Amino acid sequence: MHLPYLSLITFLPIVGMIIVLALPKEQGKTMKITTLLITGIQVVLAVFLLSNYNYSLGGIYDQASFQFVEKFRWIDIENFSWIGRIKVDYFLGIDGISTPLVLLTAIVTFIATLSSWNINKSLKGYFALFLLLDTGMMGVFVSLDFFLFYIFWELMLLPMYFLIGIWGGPRREYAAIKFFLYTLLGSIFILIVMIGLYFSTTEPMADGTKAFTFNLLAMMDPNNATATGILSALNPANLRFAAYIALFAGFAIKIPMFPFHTWLPDAHVEAPTPISVILAGVLLKMGTYGILRVSFPIFPEITKQLVWYIALFGMINIIYGAFCAMAQRDFKKLIAYSSVSHMGYVLLGMAALNTMGISGAILQMFNHGTITAMLFLIVGVIYDRAHTREIDGFGGLAVQMPVYTGFVTVAFFAAIGLPGLSGFISEAFVFLGAFGVRLIRVVTIVSTLGIVLGAGYMLWTLQRVYLGKLNEKWSGLKDLNFREYAMFIPLSAIVIFLGVYPSAMLDLMNTSVNSMVQFMQNIQVYYSSINVF
Amino acid sequence: MTTYDIIFYLFALVTLLSAFFVVTNRNIVHSAFYLLFTFFGVAGIYVMLGADFVAVVQLIVYVGGILILLLFGVMLTNKITNVDIKSGTIHALPASIVLGLFAGALAAAVLNTKWKIVASPETSSSTVSLGNMLINEYALIFELLGIVLLIALIGAASMARR
Amino acid sequence: MNINNFISDLAFIKPELVISATLVIIVLFDLIFSSKKKLLPYISLIGIVVAGYFVINQFGTAVTTFKTSLKYGMVVVDNFSSYFKIVVLLASFIVVIFSMLSSEVNSNEERHGEYYTLLFGMILGMFLMSSASDLILIYLSIELLSLSSYVLAGFVKNTIRNSEASLKYVIYGGVSSGIMLFGISLVYGLTGSTNLYEINTLIQVQNFPYITFLIAGLFILVGFGFKISAAPFHFWTPDVYEGAPIPITAYLSVASKAAGFAVLIRFIKITFVGSTDSSGYWILLNIIDWKSIIVLLSILTMTLGNFAALWQDNLKRMLAYSSIAHAGYMLLGLAVMSNAGINAIMVYFIVYALMNLGAFFVVMVISNKIGSENIDDYRGLGRRMPFLGIIFAIFLVSLVGLPPTAGFIAKVMLFIALIDARMVAVAVIALLNTVVSLYYYIRVLKNMYLVDVEKEKPIIPIKLANGIVMILLAAPILIFGIYFSPIIDFAKNSITILGF
Amino acid sequence: MTENLMINIAVIILFLPFLGFVVTLLLGSKIKKIYYFENFVLFLGLAGSIIIAFGKLTSFDATTITSEFTWINLGNTPIMGEIKINLGILIDNISTLMMVVVMLISFLVHIFSIEYMRGDPRYNRYFAYLGLFTFSMSGIVLTHNILMMYIFWELVGVSSYLLIGFWFEKKSAADAGKKAFIVNRIGDIGMFIGILILFTTYHTFTFDDIFQQISQGHLPFDSGFWLTITGLLIFAGAIGKSAQVPLHVWLPDAMEGPTPVSALIHAATMVAAGVYLVVRIFGILTADAMLIIAVIGALSAFIPATIALTQNDIKKVLAYSTVSQLGYMIMALGVGAFKFAFFHLITHAFFKACLFLGSGSVIHAMHHEQDIRNMGGLRKKMPITYYTFLIASVAISGVPLTSGFLSKDGILAGSYAFANLTGHYLFPIVGFFVAMLTAFYMFRLIILTFHGEPRDKEKYEHAHESKFTMAMPLVVLSVLSIFFWYTPNPVNPEDGWVLSDWIKAPQLYTPENTRYEFMVPDEHTNVQPGSEEIMYSETYVEAMHAIHIPAMILSLLIAGLGILLAYLFYQWKRIDVGKLVEKFKGLYNFSFNKWYFDEAYDATAVNGTLGLSRLLGRFDLKIIDGIVNGTAYITKGFSTFIGKFDNVVVDGLVNFMAYLSGFIGLVFRRFQTGKVQTYLVFVLVSVVILLFIFKSF
Amino acid sequence: MIHAGLTHFLVISVALFSLGIYGVITRKNAVMVLMGIELILNSANINFIAFARFGNFGLQGQIIALFIIVLAAAEAAIALAIVLNIYKNLSNINVDEMDSLKD
């Protein structure tokens, strides 16, 4: 029996939160250091998990091949005669799909903590909420019980609302409530489907009886479907299609997928830098992660039917986001829309449903997490100094801040998928995977426009802000300080390392992705055999 | 038409007419007096239904108690010298329309229902049986009414005292 | 039945007897020791605890007593009624503590005797409501509850809004109970009985004229709807809640609603349900389509409550609408017409009692401090009262129904029941309503935290007692949010309704 | 020399410039003289590449040396089967020759830049970028698979972006860098889709594996048509990188970069990468693809040549000339003159680099004056520059005894032979005409710059011959423009070692029915299994032989005519240029304004894109974010209380929902009048309504 | 004319009920509103007694009527106390003017 590493990594921030809350108000510095320590330990734990990770185990649908599993009965109410037995498991585990994201969360949170150093308003509240948010994010990626997953999923909303709403920009109230309402709307759809699935899945108990379950893995196994469950394929009048749409919409809002994306620019623009970093770096991934972890394996037959639409929305995201980004005058809004565009690649890759596509999608999640974190930090650095984000107000900053501009160049080129940096390989994999599927080939070809559009808006921005003649107004700006180095160097290192040696990440997820693809294929055969299509 | 009927229609007429004036007369004091006739009429109807004890209680409680209370209310809330105590009405028209519908539906339903009618022997005075029931089957309610009255007493006193 | 039976039957209503006795003790104590009014709340608390002891002792019995015929009585003692009595007592206990801390109540110290007497009058009414199985007793207990609450709503009698609230309440309540009584009389006319069990047996064997029965049913529903403030019978709620003293508002919103639900559930379950199938679904007798009526009412109620709450600037009023909305959610549990649905309502009530009382308590503490319930005056309060702000946030989040608070569990249980019954569309409407509700709850937090105030004002200290009460209310919300087996278990075991 | 050793050296020389880049970049701000390290590294690179070339050409003449490692291994995947992505190095004659050219020119440019860039605030950074560029270019040359080609392809794009925009303080420079990168990317999309098709079909990126499968008849989507499309898509990458029409617009703008950079990137190496790419995939081009390639090449040869006639910026003239020459090469590939195309690539690299460096020398001397109308008479001041420039110009004009004559003549002959066999006479006509134009504008340039009287006296006074570090590369390059490096026979290159031994035409892998007839071996062809010779039909070989002499004479005449015209116009002034310009004002303007390409692009593509993005941005704000904002406005007209609304309302779909919710809330509020009797009316009405709803069960 | 039967009594009660509600809704004066409520209660009482009489349900109807009379008295007492309180505060008992609590 190993230590409960996953619980540790998930609930460590809660401990930190309690410490922060217990500290007296004046001890701002201590709070910062506490948070930094906690998130630092998280990174160490994540690396530890990574180093003890067994690359040959697949996970996905098979509990035996999940790793660091912690499972025990959390809620168990027996003899609930009319429903049977209500039980919820505390079930954590990671596989190749979640491990990269756990790592990402740890890293991005750590970096965000560093970038929180400039916050000086009600530190106590800030760091307490920050750490709570951390727990929520980590929890989503490690939980394998739908109920638990949902609790963590919702747990993030409130801290996020306050973090945007209290420490944000001028229109923060509006942005915060918009974020909150939008994402809550998304999650209620998830809730409904969750309950529907609960009633459609039974799991054999130790005593031989069968009980309804929230276990995600059990839901994936069609043998566990009940005969009359509302979302059971065996029930001729099932609502699986509608449920899939609802579930997908719930996750799509988080991604955010066109046309549910309008919360994102507002939230990003108003959020303080570290929160933007987390929002873009981690939160957006939850949507796509949810689709991969929940929608796809539980509804493989409907996924198959809707692949074209998923890819289409991916394409719209890529191109629409890029166009919108190009039209922005606000630096941060531009980056926000670039996230919309980049998340489109993830959707496209997932729609491919083959190894390369899904690997590319997961890799793109990770890479986008690091790259976009850098981009928001870049905006943050400039905003800290100049207190404006109007792109046209800048110019020639490269002369004034050469090192900073160096990192900017790395981040920007990574964002437009330059080979040698991490963004390239994930985009390439997405395209290679998606192009291999006949159905979505045309969509893929149109999507490649994103490559050039991305280069367009990124380089245009680079030029307007950093190149050209230095605006005299900014001749007093200082280059990066030590703390900012500490934020940029690790991220750049990851970006470059994964650009050169993507196998580090791909090997990690490969077995899982393969088993997922295999699983989806097998199960589609199963579903077609019971003639539900 | 029997005497029974004549008396019935008489009481019915008194009840309904006076009730009509209660709710329409602009003078509050007049209304209160019309209410007296209504209560009388209702008591008469009780008698016609063989509920003599209830009729008596009706007279004692309603006329002797409630009506007096209401008159007190009228007097206390108006200057006593003011002979012409008027009270207006509001939204009479919408109320009439709604009530027309309401009462119409109610009356139609009530009239079209086949009620359970069993020919029953004329009962003699029911007072004794009522008393028995009060301390047997309905003892609980009887006791509770005591508490209700206590509450009403305390509540009213609490509200009304200076 | 004779008087001896009556005395033996009294053994089954020990809690009610305790309440009545406490009531009398309070009256007498107030008369005799008029200078020691400070002790009244403690007497009340003792009475509540003792009554609670007897209620818990009763757990497990299932009898019908105070028989009016050979088989059935007016009072039913079963786990279901005990459960609601516990909810009522819980709320009463908290409200008594509220009252001790409320400046509104304390401003009328010379009338504390009446205050607590009437409070016990309400408790007694609610106890009988949860146990009543006879229409006459139902009517009587509702009246008992109402009469006490009319006065309490206007307790601070020299303020205009208190008086207005109580006047509106009494007129509205009088008419509603009058209509209900008329309905009862029609039922009596149709069946010749006022006992719910007997009526049920009659419905099973005879055909009754549908329209008349429907009218009677709807008339009776007016009375129940008035008590649980379900739309479209809710109109009194915002006005009275806003006008009444905060402890009373809180009490009305929780306890009186609980009792109303108890009696409504029992009325429908005993009277109109023929049998319960193996998965806990009720098979309605073919007389009135209660299911559709309740679904309609619940959707209307929650939608109205939530949407109207969007515009409220007065916190009490907002919470009034919110309580209407919650009544709508709970009605959904009834609309499912299954044991699971009732279970959900019961879980919901415990949670609702905690969170709603908590929210009102916070509003009261703030109102004591700053003398306002207006949302605009809450600006920056989060920084001035940091502890209170956090606690308030917990209550509000729980009212929205977000994890990890108990409010979420309550909602989940409700939706579990709904979806098991294939009422997906209704569930979606309810969930969309939840999203709407977020807006106005969060608006409070927005004003407390997000809005910048021009000038930082000093921190307002909170009394220790207030702090303890808040923690005691908030802690279970978080604990049950994470580990909710106990409440569900408790509700599950309490669901036995004597009868079919 | 063993294969392993060669591979090792190749890897080392590939990464040496990268090492130089990293070291110079990181230490640039600390150590002033770090650029020497970069130069030293380049010297090693040059030496290494010569060693490899020597070893390859002497010891392993006919074999191809490859070495690969698995970069990404996805193992045996469920749907796609075995997926392994290998990266590796390919050493054949072509790549070794190319390596030498790249390293040599890069080294010379480094040397040249030491003086040219002295005093620049980002001096070390400049060398670092040069190192990055050299690394990327070497990668393109040495790769054995198309994915790695694409990777380095993009890296070349970035390093050129950095170098073109090196003086980013100048807006035009920053613009030019951006333009270069984006225009290149447009081409790259095509290439990328081509790669997608190849990978989807063959599940590998390695050239050799792909070629083998094609030769076994396994075609993309099982059709020759798609093979054509694939070839053309990949060629699209070359269109971008080699600045072919219609994506040539970036190259003239790229002259904003430092002149040595222009010499390195825009003359010799980066733009040659496109041609190199086509050379690499030549074996899978079908006849249709080749025809289109030839057409694009011809257009690219012709249009810029006409533009170059009227340009006054010394570097722009050279830039258009570059495009034109690259068009030549592409056209040559399109008509099947593979060997001459690659040969021209090499010779052109040397003399064009020489020309650019020469112009750099002039510009340096004239204190960054680039307008030839302000020059003149520099011959006396800068003799070394003049003579090297002259030699290079003669070479580019195709005068005998120069390398340019050898390669160009071959191309013209090839196109002529092609025309004879297929009837496409346009290609030789364009070829000869462009040859004349080339000679004309090159001599126009020389005459205006170096001959005559100085037109800007002041600058002329300050002009001086460049220092040794700048002059030496000029000399080296000009010497390399003379024939004897390539062949002992100044009139027939085929006799030389370059064409007869070093450059081997690749095997064709395309199905025979998709080839030109003359590229299908017939019974006369000497078929040798395993031979690398292109298996042309005998007719083609005969045609080539027949055409050789006439073509040579014709090209000689034509070049002479061009030079003569230039002298008539500008040296002896027998023909008044001004009058001619007046007479053909339309044509002149057309040429002077570069056929209005930029304007057309601005008007269509750039503005279209920006406009579309603005439109979408607005769409996002107005429409998506407020589908019902509009509805809300209508609602406003109806209800009096919506004004209250308006304060709360902003935009957005969410906001619309807020609108709607608020509206519903307001409707509900209306019932809450505060009058208890009204409430009772509502209750009664509700009861009646409920009654009517449920009146039948 | 037929013998006065159940329906006759029911008609009276329905009429009385409607008049009572009419009174409650339309009268401004709070005391008048209370009078309306009394009418409603009376109408229910008539129902109970009439049903018991004609349906032969025994004396239960009369008992209920008795209870209701007592409750009516209690309610009237409390309601009047509240009205008096209002009068003390506002010197006015017009129900339609009591609308300070509203949305």
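Letters A, B, C, D and E name the chains as they come in the text, with residue numbers starting at 1 for each one.
Throughout what follows, contacts are C-beta pairs under 8 Å (C-beta built on N, C-alpha and C of every residue); 3 or more make two chains touch, one makes a residue touch a chain.
Here the structure is a predicted model, which is why all the values come from computation and not from measurement.
Visitor: Could you run down the chains that neighbour chain A and chain B together?
Guide: C, D
Visitor: Could you tell me which chain's Cα centre is nearest to the average position of every protein Cα atom shown?
Guide: The most central chain, going by mean C-alpha position, is A.
Visitor: Counting C-beta pairs in contact, which chain pair has more, D-E or A-D?
Guide: A-D
Visitor: From the centre of chain D, which chain's CA centre is farthest?
Guide: Taking each chain's C-alpha mean as its centre, the farthest from chain D is B.
Visitor: Quick check: how many Å separate the C-alpha centres of chain B and chain C?
Guide: About 32 Å separates the centre of chain B from that of chain C.
Visitor: Approximately how many whole Å separate the CA-defined centres of chain B and chain E?
Guide: Roughly 6 Å separates the two chain centres.
Visitor: If you average the CA atoms of chain C and of chain E, how far apart do the two points sit, in angstrom?
Guide: 27
Visitor: Would you mind pulling out the distance in Å between where the CA atoms of chain C average out and where those of chain D do?
Guide: Here the centre of chain D sits 78 Å away from the centre of chain C.
Visitor: Please list all residues of chain C that touch 2 or more other chains.
Guide: 136, 140, 143, 147, 150-151, 154, 157, 166-168, 171, 175, 179, 186, 189, 192, 211, 215, 238-239, 308, 311, 439
Visitor: Two or more other chains in contact with one residue: find those residues in chain E.
Guide: If we look for residues of chain E contacting two or more partner chains, we find 17, 20-21, 24-26, 30, 33-34, 36, 50-51, 55, 60-61, 67, 71, 74-75, 78, 81-83, 85, 95-96, 98, 100-103.
Visitor: If a residue has to touch 2 or more other chains to count, which residues of chain A qualify?
Guide: In chain A, residues 181 touch at least two other chains, as defined above.
Visitor: Touching pairs of chains, which are they?
Guide: Every touching chain pair, ordered by label, is A-C, A-D, B-C, B-D, B-E, C-D, C-E, D-E.
Visitor: Looking at the complex, which residues from chain E come into contact with chain D?
Guide: Residue positions touching the partner: 21, 24-26, 33, 95-96, 98-103.
Visitor: Write out the stretch or stretches of chain D touching chain E in their complex.
Guide: 669-670, 672-677, 680-681, 684
Visitor: For a test of understanding, state which residues of chain A touch chain D in their complex under the given definition.
Guide: On the chain A side, the touching residues are 174, 178, 181-182, 259, 262-263, 320, 322-328, 353-356, 359, 396, 398-399, 402, 413, 418-420, 424-425, 428, 431-432, 435-436, 444-445, 448-449, 451-453, 455-457, 459-460, 462-463, 466-470, 502-503, 506-507, 510, 514, 517-518, 521.
Visitor: Contact residues on chain D for chain C in the complex?
Guide: Counting only chain D, the residues touching chain C are 658, 661-662, 664-666, 668-669, 671-672, 674, 676-677, 679-680, 682-683, 686-687, 690-691, 693-697.
Visitor: What residues on chain A touch chain C, complex-wise?
Guide: 74-77, 79-83, 86, 122, 125, 150-151, 154-155, 157-158, 161-162, 165-166, 172-173, 176-177, 180-181, 184-185, 188-189, 191-192, 195-196, 198-199, 230, 239
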